[in-house]
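In what comes next, subunit A is part of two complexes: it sits with subunit B in the first one and with subunit C in the second one.
Showing the complex of A and B:
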């Protein structure tokens, strides 16, 4: 114990924090996390990136929470009830909750959060689209709010656990303005951001007044390291305690580090090659199907991914609501691929392009494997890489991609509705070109009801139809590999990258 | 054979030349005869054979993560690297020497304008410019060569202009002019042969430099399509296997070293032989 106090005082002195020793046993130690990407804004309504969720889940809370077991549980709302034929949802809020700056959490914060999300400020970001079924939020009393719904949204409770619905402090936001809030926001979560250097690191300090109990670690530093081998090298050198995104090619290296271990976790994230149907010859369904038949996806999973992945038939994983175990992936059949290409009069040597991001070393191998298979059926493949942020904010949404492009989807609502609507409904951010009347009709049908059985049926039909018209080449449901130093304890690895660290401690 | 003759021969044929040519011939011949060394081409992939160590199953240099034979890819990669090296240098040399001759010979406004453009060009760090340009126009072999030529003509232009400025005042040139020779004749017959030596030295060293730049940019994902075998791309493929499959990055790395070292040694030797300012220093090596 004495040693512990000594260590703590040394830490406190060296960090120059001037923490009163009488506060012990408060949070101690420093945790360093190396993650792949800097989302560039910490404002919850500006983002859709898993790299935000990894951090943001420690800063903010929503009315509803979802833990590492992916089950919905009360967050800042203690309970909720659907009223007036499902057109109103009434939330009873948790009392005594404070924001990290000391501001009280109450109904006015909830109203402010949703007014901002559904207003002009929210329209600038990608999150508003998830919450448009909410007409407005009414403050009933200090700890009761009501959501008036403009139309049914069967996934709304899950969505309230999502990024965009994280509750923010009205006074602090008005005081510092949007720009400062993007860099150093305040929430009700267990850690408060204290220092942010873009593309380098973000530091969080423990918030001892957290309603869910004091965190155990004093400081968390997130370092943004896009290069996978560098992240692993930092783990090897002991300069990072938790490392996100260990590529399969480095799995054995991490296993070989004496004081670290490899932590694989099955995820909801699915990976595909999306076809750009506005380009010739991808506008021909026979060509699109031929591409899928041509590629031996099972072998790619077994070899390049070393089994860290599962084949998928549609763009969703097994726990997604709408998943159809009877739907099987199109088989590997190069003869059929060649026949289809011949039927569509695609000459041998036709050039097709595959796009992906330049730091994704894993997909770089997968892409080369796919290219090899496509070359085997007579196509000429060009691979093109883009810088990550350009790729997701410009190339894909503005339809500047080549014939096929790599796309991954977290499927955070665990419901195919969200995926399907944002990816296949016409004119959505992620769907600049494709539109199909049957898809629109099935989406409308599914969205119009809270009847879960009927919804499931519509979504399964949709998945089957999407496979038939081959809008994409579904590749695999991923297994995320994390590297962890053994001095870390109490960490439950989340399948959705929402890394909650309130109970994590370091030796 | 007297002592003087022996020492002259020794001065001409030294370690730089022999070893440089030896290294270069290895890389040039393997690139030229790539289709003989690897008759199946460089794309043959077999996922079941991935990451085989050197010597296993007839893969002398082993296979990479996609199951491609590394020995087959290296000579094909050499074609790309040497193409980049030679073409980029040829383009910047022709443009640079042309501009240098014009600016130095005619002086005046033309000289001022061309040299200020050169100053602007010199003030951009290459990597920064390359990353910016490639981010805008996208990666690709010929775009890479374009960026290199865009940044390197200045070196030749500066050097040639300086030489021309001093040559044009020399008696021989003045006499030729007095005899009524045309501008073209003075430049091409009397100046160019006198200044080409240092240009060739610079060009040789730049070939090596550009091969390294191509590898560097491709390694960063800014260069050539990962499917086209290039040494930089192969290095990038191998970086995650440094600790588990060393051969993936080692052999392309060696190929780069051999080629670049070869060009540098040859360049050094040429400098000793051709650069008038370095005459007489040949004894030292």
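Showing the complex of A and C:
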């Protein structure tokens, strides 16, 4: 056994040398990325913003990792095992890992990270909420930690790949304090932040001691450019190599740039119109189904989204755990819609309202399209917009919406549990009115077990039932558009915005 | 200034929730999480308690900490103020450098083709939305000719396009105002006297007319400064310019109360200071006005 390990390490060493010899000595070149937003803090527990993940995935690692293929794999933990009837999870940590400041990674760093997340510092931020099923973390030995669970959480392993669970260096954090850590943190990832000017740029330098192999590019500069046309202009001027958030309206401009290309990637984000079942006539399932039959969602995707979107049957995309390929969207059938409305005795000219946020230019067009279809079956549609923060804090959760309202969902755990519980379980923040005993029962069944197959079955059943009672009009799964200069190679476009750049190089 | 900050602090709390903004992204809060963070941020307390804390902090220069990253607000503002001041000052400079000669040549030859052209351009300038002008400049000088960086704050070349955008729009109003003021002065008796004395046009214009027309123009430029700050918000967004405008705008959408209140207090202070300076400058322009 020992000999085997020795042979393996010799082999690994030679292979490593071979790779090192065949390449240029160390990282070279500079990569410039234009992204939409500056999260203002690089501390993993301060935010949920995807713009954090764009950058943070290059600075930090978690115990487990989720790559661009969205599969869970070992990160700073080599393996893990569930003990004592799933109430304890034991992680065996990777050895020889260093933080970018030279500090050693071991069990004490894991404990420090989770003590901070679950303690007072974590209480000020939004990430703690995700990890409350963890009671505490115990150091067993230098490279073994145990998580004691206060209640079962079947998606805990996926959550450990989330932002909040990224491991931070205890010594460095205590030395520089929270404020400096927010600006220039240190992690075990392939790049270290070296310069940060808020709302302008963040610079990362390659960390050649990265445990997963040295990065290829020497410097990365993230620039924060809120205006889409300006981001695209930077790509056109050859000053940005990767551009996030190209709007559909500028897709053809990017396609027309000689030394750049448009890169579409399917995302986990789904968009719908949620029905307010507390309002008449939306309390009638026939009316709700009629609304769905009335709208030609495929045509909306083909025209307004220029094909950059996929039809969905339930409020989740294909990669979501709980997705059912056999479940198809309700078809476009205006005749059936009219018949159902007549059956429910909804008079022609009945007014219904569609709500959405005022800054969402694309959804405004989608809403206008939907309004057109609903008018064609005899309804009168009013469109109403709200300021974004008001919409998400006062309008939706306090049940002040109109008959239907726009809702989008990232579903970052890629598990329908997250979506379904927060949206359909009664009295949740996002669900002020709807409740149904069958939904409650299916959710309880799914949450109470670590048996993933059984969970998947319950969630598929739930999705089918939700379509039957037509709680919402699922519209599409989003496609993100990126612009890329052709001098970039080795870039795998992430569906979850966690833009990893360790293997990217520039000519 | 207290009134301004009180109004802003009150208005921003009318709708929305800073805690929900923190959850923006990929998850959803439950009610206990919301309560927990509200308490940690101190927004669960009554409005007057929160405001009194802010107002007393203002007197000692302590503007509180950002909800978003825990950084002291005074530090955030200190980081951003140079960007905004550079932008405001250079656009004022451009506007004065353009509007003074244009207004003079237009007023002196009233009704001529020069005058008509100047008035036409100022009308076009007035009806321009500034974000459109900004995007056009980016497309021409940043993308087409590649003379200037399309966005960001790197060196002096970065200042040109944003300052021109704001400067041109200011010029449009300043030209009209200065032209009208000059015309009024040129029709007064002392100008006629100066001319009849046989003084050359140059002396009449620069020594007698311009100085007297300067008072209303300078007053207006001071008033404009407040509006200029408003224009800065949009220009900063388009050019990804790090300044107070985008800081305030983000603070509104995030409901980051301390940052918004702090920024508004500082901006109000700047506007008051600029207008005070202008009041003092009257004495320099017109010795008859005694400031003391």
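Operating definition for what follows: the second predicted complex is superposed on the first by the 320 of 507 C-alpha atoms of A that agree within 3 Å, B and C clash if a C-alpha of one lies under 4 Å from a C-alpha of the other, contacts with A are read in each partner's own complex, and residues count from 1 in each chain.
Operating definition for what follows: a contact is a pair of C-beta atoms (placed from the backbone, for glycine too) under 8 Å apart; a residue touches a chain by one contact, two chains touch by 3 or more.
These figures come from a predicted structure and were not determined experimentally.
**Student:** Between subunit B (first) and subunit C (second), which does A:367 come into contact with in this model arrangement: first, second, both, or neither?
**Tutor:** first
**Student:** Please indicate which partner A:387 is in contact with in the superposed arrangement: first for subunit B, second for subunit C, both, or neither.
**Tutor:** In the superposed model, A:387 contacts both subunit B and subunit C.
**Student:** Classify the contacts of A:229 with the two partner chains as first (subunit B alone), second (subunit C alone), both, or neither.
**Tutor:** both
**Student:** Among the partners subunit B and subunit C, which is in contact with a greater number of residues of subunit A?
**Tutor:** Touching more of subunit A: C.
**Student:** For A:303, using the defined touch cut-off, is the partner it touches subunit B, subunit C, both, or neither? Pick first, second, both or neither.
**Tutor:** In the superposition, A:303 touches subunit B alone.
**Student:** Is A:186 touching the first partner subunit B, the second partner subunit C, both, or neither of them?
**Tutor:** It touches nothing on subunit B or subunit C.
**Student:** Is A:422 in contact with subunit B, with subunit C, with both, or with neither (first, second, both, neither)?
**Tutor:** Second partner only, subunit C.
**Student:** Please work out whether A:502 is in contact with subunit B alone, subunit C alone, both, or neither, and reply first, second, both or neither.
**Tutor:** After superposition on chain A, A:502 lies in contact with neither partner.
**Student:** State whether A:270 touches subunit B only (first), subunit C only (second), both chains, or neither.
**Tutor:** Neither: A:270 stays clear of subunit B and subunit C.
**Student:** Jot down the residues of subunit A that show up as touching in both complexes, subunit B in one and subunit C in the other.
**Tutor:** Touching subunit B in the first complex and subunit C in the second, residues 229, 387, 390 of subunit A appear in both lists.
**Student:** Considering only the defined contacts, which subunit C positions touch subunit A in the complex?
**Tutor:** For this pair, the touching residues of subunit C are 15-17, 19-31, 33-34, 36-37, 40-41, 66, 68-71, 76, 79-80, 135, 138-139, 142-143, 146, 149-153, 237-240, 242, 246-247, 250, 253-255.
**Student:** Residue numbers of subunit A touching subunit B in their complex, please.
**Tutor:** 228-229, 247, 249-250, 252-253, 256, 296, 299-300, 303-304, 358-359, 361, 364-365, 367-369, 371-372, 375, 381-385, 387, 390
**Student:** Can you name the residues of subunit B that touch subunit A in the complex?
**Tutor:** Interface residues on the subunit B side: 43, 45, 47-48, 50, 65-67, 135, 138-139, 220-222, 225-227, 236-237, 239-244.
**Student:** Which part of subunit A faces subunit C closely enough to touch in the complex?
**Tutor:** The contact residues of subunit A facing subunit C are 39-41, 43, 46-50, 52, 120, 123-126, 128-130, 178-179, 182-183, 197-201, 223-227, 229-230, 233-234, 236-239, 387-390, 392-394, 410-412, 418, 422, 428-430.
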